[in-house]
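Below is one structure. I have some questions about it.
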Amino acid sequence: MDLIASTANRLRGWALGRPRVAVLASPERTSTGWRVEAAAASRGWPRAGSPADADVLVVVGDHATDLARACGLWWHHMTAPRSRVDISGEADHESGIDELLDAALVRLRDRDTQRAAATRTGEAAELLEQRRTPHGSADDQHGGHDVGGHDMGGHAGHDMGSVAGLSMASTGQDRDGLALDVLVHRWGPFLPGWPAGLVVRTTLSGDVVTSAVVEQGPSRPETFPRPVAVAHALVTVLDLAGWTEAAKVLSHVPLARLDAIAPTGAEQRWLSRVRRSRTLRWALRDVAVVDDQDAADRVAQWCEELLTGAKGGTGQVGWTVHPAADLVPLVVVGTELARARIAVASLALSPGRPGGTGSGAEPHAHHQHHHTDHGGAS
Amino acid sequence: MNADAVAVSGVVDLVGVGALGAVAVALGVAVFVVDSMARATFALLGSFVAVAGLLWTLGLAYLGAVTVLMMTVEMAVMAVFMVAFMMNPAGLMPMTMVHAGRSAAAVATTVFVVLVVGVWVVDWSAVVAGASTATGDGMGPTGSAGAAMVEPTLQVGRAVMGSHMLVMLVVGVTLLATILAATVLATDRGRYDRFGDDLSRRRPDDPVTGGLPR
Amino acid sequence: MTAATVLWVVVLALLLPILQTRSLREPLRSGARLLAEQPRRLPAPDVLLGRLAVVLVPSAALLALAVVPVGFAGAAWLSTSADLVWFNAAEVLLWVAWWCAGWSPNSVLPLVGAYRFLAQGLSYELPLMFSLITVGVAAGSLRVSDVLLAQQGVWFVVVMPVAAAVFMCAAAAFASWGPFAGPMGRDLGGGVLAETTGPARLALSAGRALFLGVAAAMTATLFLGGPAGPVASGWWWLLLKTVLVTAVMVALARRLPVLPPDRTVDVAWVVVLPLTIVQALVVSVLVLRGVL
């Protein structure tokens, strides 16, 4: 029996040897987050796409209450076996990160801890209590009840109430002026490939965003030399656009550029491949058009910059990896839900305040609510 | 094949047909009993799949497979419209699947009775004989399927592309025209919305730009 | 026969993950990890349809495999007068399966992924049907064994390259993989699979990989002569061709981003569908002229 138990345990340890990891770094500690991601990648740990997908959660930075709450929700939505690492102090150096990841793996493999945790996360009631998922929520529905009534075509027994404590969708005008059901979906503050700390509340009819409000912007995002920020934006867009291989090859360029290391041969080949790719251009064409440039133009320009500027940096101004908050609703409204995410990522590069850590583009984002409505018939 | 084997396979077929028929009817009833559009849709699909199984048991492989193929796509498209037009996209609000119950039941019963009476009244041997003289000229693709038996797939093909070709073409084109007309009527955007009041815009102003130059 | 089928199931399910990760061990480890993971349930899910999806994806893959000639003697497990339609019908069950998988968790992103799949389905299904019809026309039969017989002279990929290419693209599309992974895209946090964990996720992912493997074997059968080889024809040739087809798919997928389904639909209906019809026409003329 002992043999069976120990074999099962070893098998379990082996199975969990390459956990999927999600790194939630506060806007001020972006580069530490990258270091953690790089350390995880060098161990062959894949990046998680959603809380359901994640095994290890790494929280970087001393979060303000709302961000801490969002991290808590991520953690809450992860199923056992799971393991959490908090990096709040100065564990920047590689060895510190490695020790923390090792410890996380040990906890992940510890059967008793995971058993105890498993019974709790499985309870639907507790999830229900905190329905606001990290992806967003369907909990607050306002208005629209009076728009054209809600004719259900004679389906008696359907009334606007709630199921399992969740309120139902309300009605609103869609892109074609039809009165259809709408849903509210919140993006952020933490998502893979999403500017940390940014919260956008979108109204959806089907999968089309009909209105968007920036509810919260990052307070003091970290700034970088331009090549670093450009490299990061590029990798993010490629990842969201589903070009996994390109994103993987280029993923450590941002960190390398932070130490002013030029792209390697393989990286340069991929950069020019991405720049030339007609398919990518076709996929990103007309996405997030700002100043007559769409996402495809920006991606090509970034590749160009990284290829030609490989020898020297451009300018001393710091750049954030966050978009200017007032642009977000403009490029998001009227697009498909997921395309909206690529649109935001393609703009996640804006000049920070010279010499400071704050972003010049959105100093008061907490108080401003940028709002664009696209509900009317066109 | 000896007589015993024929008898056994006959019994197996009978049991199979009975079971599939029962499943088809039960899932058909389920369509009206369940309280969700999604489940009603797939109960209906299940019923159709059971009918496809019946066709299969009767040796009509092509018709069986085609029934599954067509009905599945149809139900999936129905799911699109169901959620687009009728209910909460991400909610699972229970709702009844029945309305105008009495008249619907009357219509359903009448149709059922007519069909069942038809099944028993029609002299099928005459119909089958007529069909095989009309379509079966013994030009099977493999020629191995027995001299008298023409492959059912081939029979269907000859019926559709032979004597009923005109009907099929007219029906097909009419359906296509109906779909196009309905779409045009449902769209409130015309060319002036797309190309401007004097139609001078080079690229149309569309909410979705699409994958090809327009 | 059964031993052959079991072996093929294992090989076909692991083929794509192995080629993709370039590792024998990691696909197995991912599977084991999912087995050790806790299942997950959001408030008010549609459990019944979720279970249906979990059962349906691997079952549809096995049903499709039934008409692929993977036996050691070169025979399929099932041979009917409508094999090609059977394969198509098994594939179309994925419409139901992916939609139910996205619908059941009661969450926005999986549902959007589910509808993306249907949109993609409306793009690939007709071209796929036409490419299968073209094969049927050239062979004069819907039977896979007749298709193999008809390829004794020249492989169908030479006669109908468009149909072969469309079939491979459609295979990636119905498995929602590679450039057609939109329904499970990273921009949707995993889309259809975004909220699913544990054994259910394993069944869906493994079924998906298996179906892709089956589709690669079917590509080899319909267009590359199946088990026929220049010397010593046999199942090993089919296996070799299947591996090659999968390797080509993986190599192409590395070079491409995900194609947005709302743009692909334009190309599918305006460019690809007419091309497949022209391809069917050309092959029909060749058959009537007695060239084939």
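Just so it is clear, A, B and C label the chains in written order, and each chain counts residues from 1 on its own.
The rule we apply is simple: a residue touches a chain if its C-beta (ideal position, glycine included) is under 8 Å from a C-beta of that chain, and two chains touch if they have at least 3 such contacts.
Quantities reported herein were computed from a predicted structural model and do not represent experimental measurements.
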Nearest-to-centre chain - CA centroid comparison: C
Comparison of A-B and B-C (more C-beta pairs in contact): B-C
Of all other chains, the one whose Cα centre sits farthest from chain B: A
Chain A-chain C separation of Cα centroids, rounded to whole Å: 31
Separation of chain B from chain C, taking each centre as the mean of its C-alpha atoms, in whole Å: 24
Interchain centroid distance [CA atoms averaged], chain A/chain B, Å: 43
Shared-contact residues (touching 2 or more other chains) in chain B: 89-92, 209, 211
Per-residue overlap in chain A, given as positions that touch at least 2 other chains: 138, 163, 166, 183, 204, 206, 282
Residue numbers of chain C (touch at least two other chains): 44, 107-108, 115, 260, 262-263
Of all residues in chain A, those that touch chain B in their complex: 138, 152-158, 161, 163, 166, 168-169, 175-177, 180-181, 183, 204, 206, 282, 285-286, 334, 377-378
Residue ranges of chain A touching chain C (in the complex, touch as defined): 11-12, 14-19, 44, 49-50, 52-53, 55, 79-81, 118, 121-122, 124, 127-128, 131, 133, 135-136, 138, 163-166, 183, 185, 191-193, 204, 206-207, 238-246, 273, 277, 279-280, 282-283, 336-339, 341-342
In the complex with chain C, residue positions of chain B that touch it: 36, 38-39, 42, 45, 61-62, 64-66, 68-69, 72-73, 75-77, 79-80, 83, 89-92, 141-142, 151-153, 208-212
Of chain C, residues touching chain A in the complex: 26, 29-30, 32-33, 35-44, 107-109, 112, 115-116, 179, 181-182, 185-190, 193-198, 253-260, 262-263
Residues of chain C that touch chain B when the two form their complex: 44-46, 48-49, 52, 80-82, 85-86, 88-89, 92-93, 95-96, 99-100, 103, 106-108, 111, 115, 118, 121-122, 125, 140-142, 146, 260, 262-267, 270-271
